[in-house]
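Have a look at this one.
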Amino acid sequence: MANEAPAIELKGISKAFGPVQANKDISIRVMPGTIHGIIGENGAGKSTLMSILYGFYKADAGEIFISGQKTTIPDSQAAIAAGIGMVFQHFKLVENFTVLENIVLGAEDGGLLRPSLAKARKTLEELEQEYDLKVDPDAIIEQIGVGAQQRVEILKALYRQANILILDEPTGVLTPAEADQLFRILGRLREEGKTIILITHKLREIMEITDTVSVMRRGEMTATVKTSETSPEELAELMVGRKVLLQVDKTPAQPGDVILDVKNLRVVDEMGVERLRSIDLQVRAGEILGIAGVAGNGQSELLEVLGGYMDATGEVRVNGTLMPLTGAGADGRSRRESGVSHVPEDRQREGLIMDFAAWENVAFGYHDDAAYNRGVLMDNSAVRADTEAKMERFDVRPPNPALAAKNFSGGNQQKIVLAREIERNPDLLLIGQPTRGVDIGAIEFIHQQIVALRDQGKAILLVSVELEEILSLSDRVAVMFDGQIMGERLPSQTDEKELGLLMAGVSGEAA
Amino acid sequence: MDVVPKWAEVTLIPIISLLLAAIFSAIVIIAIGEDPLNALKIMVQGAFGSTYGWGYTLYYATNFMFTGLAFAVAFHASLFNIGGEGQALLGGLGVALVCLLVPWPHWTIALLFAMIGGAAFGALWAAIPAWLQAKRGSHIVITTIMFNFIGAAVLNYMLVNVLKPKGSQDPATARFAEAVHLPTLHDILAPFGIAFSKSTPANVSLFIALAACVLVWLLIWRTRLGFEIRAFGKSQSAARYAGISGVRITMIAMLISGGLAGLMAINNVMGEAERLVLNPTEGAGFLGIAVALMGRSHPFGVFLAAILFGFLYQGGAELAFFTSIPREMIIVIQALVIMFTGALDNMVRMPLERIFLALRGKEVR
Amino acid sequence: DLGGKFDKSFNEAAFNGAKRWADETGGSFREIELQSEAQREQALRRFAEAGSNPVITMGFAMADPLSAVAADYPDTKFVAVDVTWLDAPNVRQIGFAEHEGSYLVGMLAAMASKSGTVGFIGGMDIPLIRHFGCGYAQGAKAVNPDVKIVANMTGTTPAAWNDPVKGSELTKAQMSQGADVVYAAAGGTGVGVLQTAADEGILSIGVDSNQNHLHPGKVLTSMLKRVDVAVYDAMKAGENVETGVFTLGLAEEGVGYALDENNAELITDEMKAAVDAAREKIIGGEIEVEAYYTNDSCSALDF
Amino acid sequence: MDFLTIIQILDSTIRLATPLLLACLAGFFSERAGIFDIGLEGKMLIAAMFSAAVAYVTGSVWLGLLAGAASSVALAALHGLASITFRGNQLISGVAINFLAAGMTVVIAQDWFQLGGRTPSLFGGARFEPIILPFAEAVADVPFLGPIYAELLSGHSILVYVTFLLVPGTWWVIYRTRFGLRLRAVGENPAAVDTAGVSVVGLRYAAVAICGVLCGIAGAYLATALQAGFVKDMTAGRGFIALAALIFAKWRPWPAMWSCLLFGLLQAIALRYQNLDLGVFTVPVQAMDVLPYVLTVIILAGFVGKAIPPRAGGVPYVKER
């Protein structure tokens, strides 16, 4: 193996976006038939580096060698020709196209569509057999789950006969089950002799599947080690530059009286499909109720109803007072007034306005607050000051209130949302996917904040597809499947396996 | 993450863009066998060379400020209100009715009510498309286009069949009473010992337009409502999460927008013509779109763009007086200005960015 | 007027009059085509201050600005075409009896029509145009009491003056209603009317200046409004042009119908005879052609 | 109203709908590729002027058509430069192009012909003559079908038939060819096209060019088929109506045809029945004049509902900032 040429070798890659040096003189070599992990904080430069390898961005300096040959990759076309495929962090699919159309796009043979599609359909079946990548070729992308969408991205790469596959934060949006399936697939691909680069924030995955791993910090490659010769703790330290607690340490909860009381909650969407079927649940002061479940089983709807912006029938009580579920009073603002804070699942679409400056985002939703206003006018300087304080306390980087939300990394974007919602010290905090796409340094911090809030005697409803997260944070775990609550467990008395079954719809008794 | 510093953004880029527009205009003028430098001299002289020129420049600018602001407000809510023309027409009707139906004792009171009338009619004309957009999802671009045509017909009907004085050949209302004539800049500045040309249409409305700029700025950047309008405009999904009602914002933004467009009438109808004629707006509503977009929907930008177009209008008129350059040449120049300052700005910005990057290349992290 | 020079009718006629004067006398004149309402007054002052004398204005829309400006320049003479209702000492106001001219072409239309249906296509729906239509209708009815008159306006926005496509469609629509002679008083839109009439083999009638040559043998005639003459005379008179109100009707040769080699074979002798007779009668006052303005309505045609 | 009248109204509908449909399809290609275009009006106008001018000078309508298309494509290229290459504001660029055309046409025409921005009237070979379909005369007297064929279908200029053939053509290109797939994709998510190794810029320029050609034909149809020459501003707002029709049709080819025909029909009716006499009172001409617009609004509010534009529409494609 030593004398064999590396599948990929990068030499002295540098890239700046305007003033930001995203990559500084980076060199790595990845051997064929191996899985190479890349970890690093948000904004460390991982995605940029890979985008350069895939010809999406052009490097300012540096050389690329593919299996020994020096290769210039001016655009994605060249990358594809060189046998490189990439699954981006934010998928690059045409939402209203079918799976098949997305796969042939750019790889059609001939001017006419029909033959290309027919051929693709055949190849697709073969690929499905080979790697059990199951997707309905005629499904519309926006109607299939993220897991399936990601399989489409992988199929896209394989359809283009990629030998080198790059995955940027592939499991960020997947359930454990889906993640395990993904890793089985990656395993197969490795056996086939394909080379894989895996960017992730989850050390468990690194340890589980990679052969070698590189660590990036502030645009530089700080270390490359054999996975077998390292430990999560060491990696975490390399990555963040300090010791990181990988487990949440929390005292047992002292539940107080009921804060959130939900009875027979139902939601029917405009297509007449039942999204929530008679949900009953309670959250007490000083406890965290975790809602586990595969994405798309009603968790989002539950949060939106409780958050006040989806119509529903049934009863929702906060501190004993009935919340309107339709018409006037059924909106985020009134909910906030009655002591409910909400960290939405999708920070980029709902939690933040990406074009707004950080300080505007901190005021967002609370812009009526007396503290932010002087008479009829808003007191922007007050908001800015408050934002600086919050950024300080939540250690948002860079701590610059004037910077637009879109220019913060995912982790820091999430911190801004949390700062806004937690600092209101609400009676009830609704929080969805708190650490999706966020680096471990930030995860540790966010988890601490959540627990701290609980210890102040607040009620917290946590929705996450990360079982690990659910288990480590929650005091009680409820599992949702197909708009229903399949069962409730105590973290101490259950495990990922049992929950996995519940999430798959195997009812509590059976499990 | 902007590379080009603010000062350059607001000075260098527009100036270079204008230069480019001027150069291309010159090429066209040469092509039709005229002398561009002379033309430029005439335009600048005519527009800024005398209080007389200023009077007209500011008069046109006033119109554009109103319609520009109107478009900008709606645009902040990501509503593309092409209906400024029709809303301004109806505003004219409102102003005319106010001025004709009541024997006003003094222009101040008349102006106050004329403003209410104009704004109300303009807002009304915007309200229907707004409601259709908010409630029925009918595309506001179509509905406002349609309402421009409908507004023109309404005005035509009112003038020809209702408001036209009997026996007059001119499809226009009677002249407004002396009492409601607005003081011109001449009247206003005289007390301060400033001799301003007597025969220009610029009038108090100018100051109302300026006030409107300030108020709109406050509204958009300093009030809760403005915050909500911008939030809704940037991300409807986020607005929904925050409990900002889309219907409410759509209606309010469009009402304000239509109201501002309608307000224009106090300048052209009450201030200048002092009666309501056919087609009193003469495309100011459409030009407002360009003015707003060029001004980046910021009141101050709108103000500058409005002055610029006031200059082009007045300078253009002078050009027509003193040369045989066809009047359509002015439209060409306007087009080039809009193109270069509004749409091709990156053509200037990109090279500048490279320069500035090179300058501060050292201090990159 | 905002219509613009070379509209092939009204403003162009004025321009030609001015040119004729310039060519003959070698004198010079300055002209401006307005593009905005505010410029009406502006232009008047500009010329007055520049010492132009007389200052000639075209179109009724100049009346209002004139009333404001004229007084400020007492020793400048103004000539206002299509304006008759101002009281200003230094303004020569020239009105045309368009209804009389229209009456004559109306007669010709009715006589030339085989179907007994004639058409009228106006530009923008304004009183002046109705005035044309009204005279036309009376003329047609005079020849053939039960003639059918199809009247249309092109539109209600200024675009109506420059929409030949709509002009064509209107012509076709009127043909389908039986019209076989169409009178166009619609500026640029008229170009489309005459064109379509020629293409479809029916007759058309031009307006203001002689448009017979546009489609030789296919334009029945043109209602002449001798703006050129008026302008020419005014310029000839120069500084000391006589002020006051002048209405140029048939008697003054201010209006009439065009007869030239292009339409010679279309106008039979008896048609000519009949029309000329009517002309005399109108001049003699035996025929009273009703003007639309008198009470904003028209007995012969309703709009 | 009698059968023949209906035929005549429909006949006029077709003539009025043709330029709308051409412009509408033009906008279709551009906007499906993610480039908003409110400059249809301007492109039609300049094409009308150049087609008429060149047809007059050369005496060949086909050369005229060519010139018209070329001029329109030139403006389209300018729009592309602004909105694709320099990622400018597509709306401003569109507005500018409308102004530019409105001014340029008159300035140039005046400079060439000294007719105040008109072009001389066209005769014979310099115009598109109506085409009489085979046996039109023969079957003309056949009851019902005869007139439909002879009056309604026959006797239009070649461009009309081409235009209506373009509808299935467009449908086929967009939904059945590789180019169509990529075009739709680039309008929905350019990043997907880019990462698939296809040039976003290339695709968008292609779309804009097609838009230019179609607008060119539309302008030429106005000036050399419907009319016999150019008159300033002769497009009279048809570009905007076409835009409305496009949105109305939710950016789909067949509905685009129907909505254009609807607009044409409404206009034809309005032209045919001014001053409708309802016995009690007569509807004023103004009311009939705006009928098409009023009905559009009503239909829009009543039946069409939300129209979702191509997702990437109007936003320049930027991957680095």
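For reference, chains read A, B, C and D in written order, and residue numbers begin at 1 within each chain.
The rule is simple: contacts are C-beta pairs under 8 Å (C-beta built on N, C-alpha and C of every residue); 3 or more make two chains touch, one makes a residue touch a chain.
Molecules present, by chain and UniProt name: A = ABC transporter ATP-binding protein; B, D = ABC transporter permease.
Computed from a predicted structure; not experimentally measured.
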| item | value |
| --- | --- |
| Pair joined by the larger number of C-beta contacts - A-B, B-D | B-D |
| Geometric centre distance via CA averages, chain C-chain A, whole Å | 76 |
| Mean-CA-position distance for chain D and chain A (Å) | 46 |
| Chain B-chain D separation of Cα centroids, rounded to whole Å | 29 |
| Junction residues of chain B, two or more chains touched | 1, 149, 153, 156-157, 326, 330 |
| In chain C, residues with contacts to at least two other chains | 125, 156 |
| Junction residues of chain D, two or more chains touched | 117, 232, 237, 286, 289-290, 321 |
| Touch relationships between chains, expressed as pairs | A-B, A-D, B-C, B-D, C-D |
| Chain B residues touching chain A - in the complex, by the definition given at the top | 1-3, 218, 222-224, 227-228, 230-231, 234-235, 237-238, 240-245, 353, 357, 360, 364-365 |
| In the complex, chain D residues that touch chain C | 4-5, 8, 11-12, 15-16, 19, 115-118, 121, 222, 226-229, 231-234, 236-237, 267-268, 271-272, 274-275, 282, 285-286, 289-290 |
| Chain D-facing residues of chain C, complex | 4-8, 12, 125, 152-153, 155-156, 159, 162-166, 168-170, 172-173, 176, 188, 191-192, 195, 199, 214-215, 302-303 |
| Residues of chain B touching chain D in the complex | 1, 28, 31-32, 80, 128, 132, 136-139, 141-143, 145-147, 149-150, 153-154, 156-157, 161, 286, 289-290, 293-294, 326, 328-336, 338-339, 342-347, 350 |
| Residues on chain B engaged by chain C in the complex (per definition of touch) | 56, 59-60, 149, 152-153, 156-157, 160, 164, 166-172, 175, 199, 201, 268, 272-273, 275, 277-280, 282, 313, 316-317, 320-321, 326-327, 330 |
